[in-house]
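For reference, the structure I am asking about is given below.
First chain written, first letter: the chains are A, B, C, D and E, and each begins at residue 1.
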């Protein structure tokens, strides 16, 4: 089986994850759900990084590092997301972005 | 380009479809708890694919981290708010059509790219141990990245604390930190 | 490992960053044992750390460009300038904050976060590896989310929320971009990418370039990922706004500059044009957006978007003109000084939300008004302020790089910017007494013009005005420091 | 610089300096002014005598870079005649003015401008370079403005001055152009080099000078200002119409006669314009009911003969005509001024029998009027015939003779009134309150002038004419044959007699004439009206305010109103000021802020869309 | 060093004034006059030491009092100042006019300290612009004049001062940006990449690229044309003048407009000779249109100050005509072109003196009656003879009467330009007729006829109770003013007289003894004529 085809399939899956993730991030009102969408998109990046390592350049660790960094980003953002959510919940008792629209213009 | 066994292809395809399907499920199910688990499933599927790519360590890390993370998320939702068990129908969405459009367009653009690009051949061979390669990178060539990430994590802890906690040391030990025991609303907090 | 150089000596190359990091850790520890009203000690420590860091950055200036930690970290003129500017700017903002933060239960943490964010900005500028860039992006973002929401009032938390969500969103694009570049080139180091890009697939490269640039554009506050900037600036306190619109921008613009000068210089794509379009769009949108603003902070927010547009003019020609690096050094310095100055002016009279109130409140403070006028005229680009020299250099550089149209666009924009700057100037110097408009009660309910002018911000305004003039007149000296030879 | 040159400079600069000093002194200097003026005039006479004898040339540094940029003055034959004339006349008229001005008049101002005026004329007639000429020329115009408008308090007087200045300045433009042409054609600014200039520049220079001279001399079509110039005090008229200003144009043409001749067309044009002016203004003079207006028109007519002389090359005749006319006209204006002061009117109706009321002045005026009419053997008869002798073409000659006859007609018209026995019912004091007396000094001056007027006829007698020609250093002109002289005199006598007869037998002719177009100067005043310029100016102003300014400020009316609406909506707009441009910008600004909705998901969409556009751009442009 | 001291002396005094809040108004005003006097002495000393009429005319060599310090090395911009025959007259004009304005303002009571500081700062900016030999330095000072003038108009103007100040700022700022863009073009177009004017003039950039040279000239030209101003960029001028204080107007018209024309002769002509030659006809046409347009529109004004403002457009048009004609190297010999340039420079000085005086005189009107409307004043020669005399003298000077400096200027411009551009020059000569008409009609309306003095319709700014009936009956020969009339129009005060009269005296002296100035200008003009013909 040609590796190129597999690569393309894997990347298509990754693209699907990114697409779905973006949809979620854009369509959800709840902060946590938005975060989920973004995580899902990053999930796609994770997959793409792994594929890049395996199919294109296993000699170098760079792609593996990309996966690691992506994981870190996911974790950090999740943590910050919770912190921000708590903060705004405390300040306003909302967790929906549509309710945070005092600042505009 | 490397050759891959058909078995691998099948696994990849199945897991891939699963990952995307579960991803879609995140935004379809009407309970946040279910959404969380769908997301976890998607992550696990990706971790599975990574296993096929001989990235054992990364697969395991992904699986473990995401499991924990989703667990935290579930706890978080239960703590705070939000319709965890699907007791009420959950429809907290806006601009669905536009969002779907963006998602689809992104997907299409990416897919067009993926299928039209002339992929280069693999350079070099698979290392004997991918985990070792990663470890050497972390401790060697990419050490500085990890150092910066470490500082970023330090910053995250601090920033998260600042944002999320309402009470600081001066609330607990007085403005001049003179109190011997912290005055917490609920006894049992750590000393200094 | 980099031939022959031991890890230890490589680490020494990062002494300015180490000093900042030690300062951050030390400040946090010191804070743990410092009574609430004594936190000026921490501030002192932070300022000293910044000054020491700046001092240690000076010897490295002007040396040949070198790369340490396996090419992941580049020490050259750009890095040196950013080190110096960020350290001094953080010190300046710390000073600026001393009035409003003094005695705040989280004062210590604020300073530590500022230091960490500054470290992130430097890492952005110095990074020679895409992954380091991502890591620096994290480091330069995360502390800032907390700073934006530092007051934890409704507006502040909303600011933090929007900042965070926008940052997380752009991070996806950035990682996507890095993934594309990895797919295209197999590597993440700038030099490796530069070597591989000429033969890499164009579509992938385009995605990658765009994603990575989106990341730095977000930190810089450029179109089309600028949306956070007005809301965050307006929602947070003036001091934090000064920080958010100054320090990360320095790093981000320098990072963009490095990206265009090194990895993206070899691609067949017209990346400079892309950046030029971003620059033109930013300055135009910023100026137009500021046009009708009556709120001081919002006006400044849009103004800082437009300033990023001018800064990106240099980025566009980073690989094409010898004048780009000096132009960047000049404009960054000028921008940092002037921008902190104007935000300090806003911070000096925290009760005055609108230009009009500000003008009315400054009646008794002629020097404050005059200093603000100098700073605003600086943003306009009136000689002999620093931004004028910066603008001159930037215009020259982009013309030299073949982007004459961009120079014309920038010139037109400069004129347009005059409108709103002049409105504030007019308000600041007007002589006739202004009746407080009854239809604009202060949100707190009380009548406005309980005029209280904070001393530390006012001092910062004076310093900024003087520095702006000195830097304009002494731009040659500054360049002699930044780029000897 | 030689001593004589110093005298020449002093001759010009002394009256200028004294005049300026008097002006600065203002009313405080009023008492001294008369004395100072007379002394200066006497000094002028002395100086003129010296320079007439020495013929010096003097130069003052002025402009650089070019030959003729200096202020160079010289006294040659022609200017010697004029210098003598100006000095004499200015002395006499000064004396007249001292006697004639009211006691409470602002004498310092009067004599200040008067002396400046004289200095300017002296500079004009001795100038060798164009800058020097132009200075004298223009300062003369400006001082004439001040003198005509001397009584600025009265409505209309200053207007007349303005008109005089503007008309003559319109002509002066020619001199500026001529200077440029001189520089281009000869590489210098020396007047005498003009005939040698190359190419078309010669024509440009000639045209410019011609226009300038016609304007100054009130020739067609510039004549009308002279009518208004009568608003000035009588002394001003006496000087302005005799030795200065009006004479300057004729003088200049005589001076550049070689240039006119070199171009071919310019000489003919000058001749024809001169002749036609003599004819038309002569006719106008006949139709006047105001003595001073009559005299004014006759001045232009008589100077027409000078211009004619310059056109046909009769320099000697022209000079003689200038001299003779100066004496005649000065005498008449002194008389008219004396009557005005005494009787308070200058209308012919009121002046009936004026010559009999004040006999000294009357006698002088009668002699001068007869001379004006060209009655032999008085001066103008001779000089006019000398000019006409130089005329070649038959048509021109006919016009000349007709004009000559007309001068006899208006002289007769004048004399019939002045010499008629007064009825006692004349309307007097319609202009000012008459004193009913004429000072002895005034009578004396008038008589002196009349003697000149009569005696200068000798100029035309062949031996004198020859010496005059020698003085002028020009070739012996075509001196009139004795037969021509006699024929001309006869013509004048016939015309004079016929006029007397007609007026006596059919007096109704006069009112008809007075009411005709000729009475109001044949509409010449409208010829150079400022009205078109004014209406153009207003139109341009509208364009300026409403088109250019608005276009520049970037808005059409629509945008303005849009901006106004916005401004109304947003009361806090600090600057309704910039509404113009601001309007457009404000709308754009509102547009630019529209994306900033405050809704995060919209930010997301917009950012994603923006990135998409940029991606498309990146891929499209390579 | 001497030049540097001269340039910055006023700014130092200004800073001192700002820094001493306790200073009383009269002291501040006197300090201003003292500083201006010192400045005048310095410039006079420079004039004295200046080597007049030597072989080296300036522009590219033989610059006196030169100082050259590196400033921004990477773009080779420096603090390079010097004096030659082009700048010296304008430096002197600046010193004189600021002194006059200082004396004029001795009675200033509205924030006198800041007022004096603003003007002194403006003086430094003006001096600096004239002394600058580096494009960037030139631009710096050029822009500072805008800022300073903005504050002068906005702070001490009347009427709709803020609006006019804003318009002035915006408009001239657009010009200065165009200028900056043009300067950058010059910088990048040269072989050596420098902003140094002397070096650029020695080795003109963009010589072999007509399109680029033309565009750069266009940018510079627009920048300078707005400042000058010439048609059609002049509409800011009347507004700015109408609402500016008299002192500000005098400086604005007297000095600031010259920055534009000076830029043409100092920068555009020597540095872009090829482009200047190519487009000289356009310059000529713009000049001629400005001449006529300015004159005609001035003729239609009903407001004295606007009228004078428009005559500035007219007068600056002559300058452009001369400079444009000087660029038509193929059509005229060097001598004629040198004369045209000389005339243009002379015109700058002459216009500065005369228009300065005229604007100060209109300031008298404003101070007495709070209006400039021609129809609200009349017969002022009766109550205010000195005012009338000075106004008349200034008017005659402004219309170019021989004996005044303006005649020397206009005569040379016309004679020099005719050969190169005959039609244009002949048309432009009409301008002096129209200006004559408009000034005479202004004299007639303001000074002669029955005395009219504006009724006080603003009770808050009441001067003195005006007599109920102020009109003198028409006609008649009365020379006596009605006794009560002089109340509303007191004649010039001593400080006003001392401020205005010297300007007019200078205008006359320079009109009668032009060598004083021409000795300085002519060598430089010859050099410029030579440079532009390259």
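Following the convention adopted for this analysis, contacts are C-beta pairs under 8 Å (C-beta built on N, C-alpha and C of every residue); 3 or more make two chains touch, one makes a residue touch a chain.
Note that the structure is predicted; figures quoted are calculated from it, not measured.
Student: So which chains count as neighbours of both chain A and chain C?
Tutor: B, D
Student: Centre-to-centre on C-alpha atoms, which chain is most distant from chain E?
Tutor: Chain centre farthest from chain E's centre: B.
Student: By the contact definition above, name the pair with the higher C-beta contact count: B-C or D-E.
Tutor: D-E
Student: If you average all the Cα positions, which chain's own average lands nearest?
Tutor: Chain E is the most central one.
Student: Using mean CA coordinates as chain centres, what's the gap between chain A and chain B in Å?
Tutor: The computed centroid separation for chain A versus chain B comes out at 7 Å.
Student: Averaging over Cα atoms per chain, report the distance between chain C and chain E in Å.
Tutor: A distance of 43 Å separates the two centres.
Student: Take the average of all CA coordinates in chain C, do the same for chain D, and state the distance between these two points in whole angstrom.
Tutor: 74
Student: Express in whole angstrom the distance between the two chain centres, defined as the mean CA positions of chain B and chain D.
Tutor: For chain B versus chain D, the centre distance works out to 100 Å.
Student: Which residues of chain D are in contact with two or more other chains?
Tutor: 575, 578, 581, 593, 596, 598, 600-601, 604-605, 608-609, 615, in rising order.
Student: Among the residues of chain B, pick out those that touch two or more other chains and give their numbers.
Tutor: In chain B, the residues touching two or more other chains are 94-95, 98-99, 102, 106, 110, 119-120, 123, 141-142, 145, 149, 152, 156, 159-161, 163.
Student: Counting only residues that touch at least two other chains, what does the list for chain C look like?
Tutor: In chain C, the residues touching two or more other chains are 131, 135, 138, 142, 145-146, 149, 152, 160-162, 165, 169, 186, 203, 207, 230-231, 419, 422, 426.
Student: Pull out all the chain pairs that touch, please.
Tutor: A-B, A-C, A-D, B-C, B-D, C-D, C-E, D-E
Student: Spell out the part of chain C that touches chain B in their complex, as residue ranges.
Tutor: Residue positions touching the partner: 1, 21, 28, 32-38, 69-70, 72-73, 105-106, 109-110, 112-113, 116-117, 119-120, 123, 129, 131-132, 135-136, 138-139, 142-143, 145-146, 149-150, 152, 160, 186, 200-201, 203-204, 207.
Student: Over in the complex, which chain A residues touch chain C? Could you list them?
Tutor: Touch residues, chain A against chain C: 11, 18, 21-22, 25, 31, 34-35, 38, 41-42, 44-45, 48-49, 51-52, 56-57, 60, 62-63, 65-66, 69-70, 72-73, 76-77, 80-81, 83-85, 87-88, 90-92, 97, 100-105.
Student: Which chain B residues qualify as touching chain A in the complex?
Tutor: Residues of chain B touching chain A: 1-6, 8-9, 12-13, 16-17, 19-20, 23-24, 26-27, 32, 35-36, 39, 42-43, 46, 49-50, 53-55, 58, 61-62, 65, 69, 72-73, 76-77, 80-82, 92-96, 98-100, 102-104, 106-107, 110-111, 114-115, 119-120, 122-127, 130, 133-134, 136-138, 141-142, 145, 149, 152-153, 156, 159-161, 163-164, 166.
Student: Per the contact definition, I'd like the list of chain D residues that touch chain C in the complex.
Tutor: 570, 572-575, 578, 581-582, 585-586, 588-593, 595-596, 598, 600, 603-604, 606-607, 609-611, 613-615, 617-619, 621-622
Student: In the complex formed with chain B, which residues of chain D make contact?
Tutor: Those in contact with chain B are residues 601-602, 604-605, 608-609, 612, 615.
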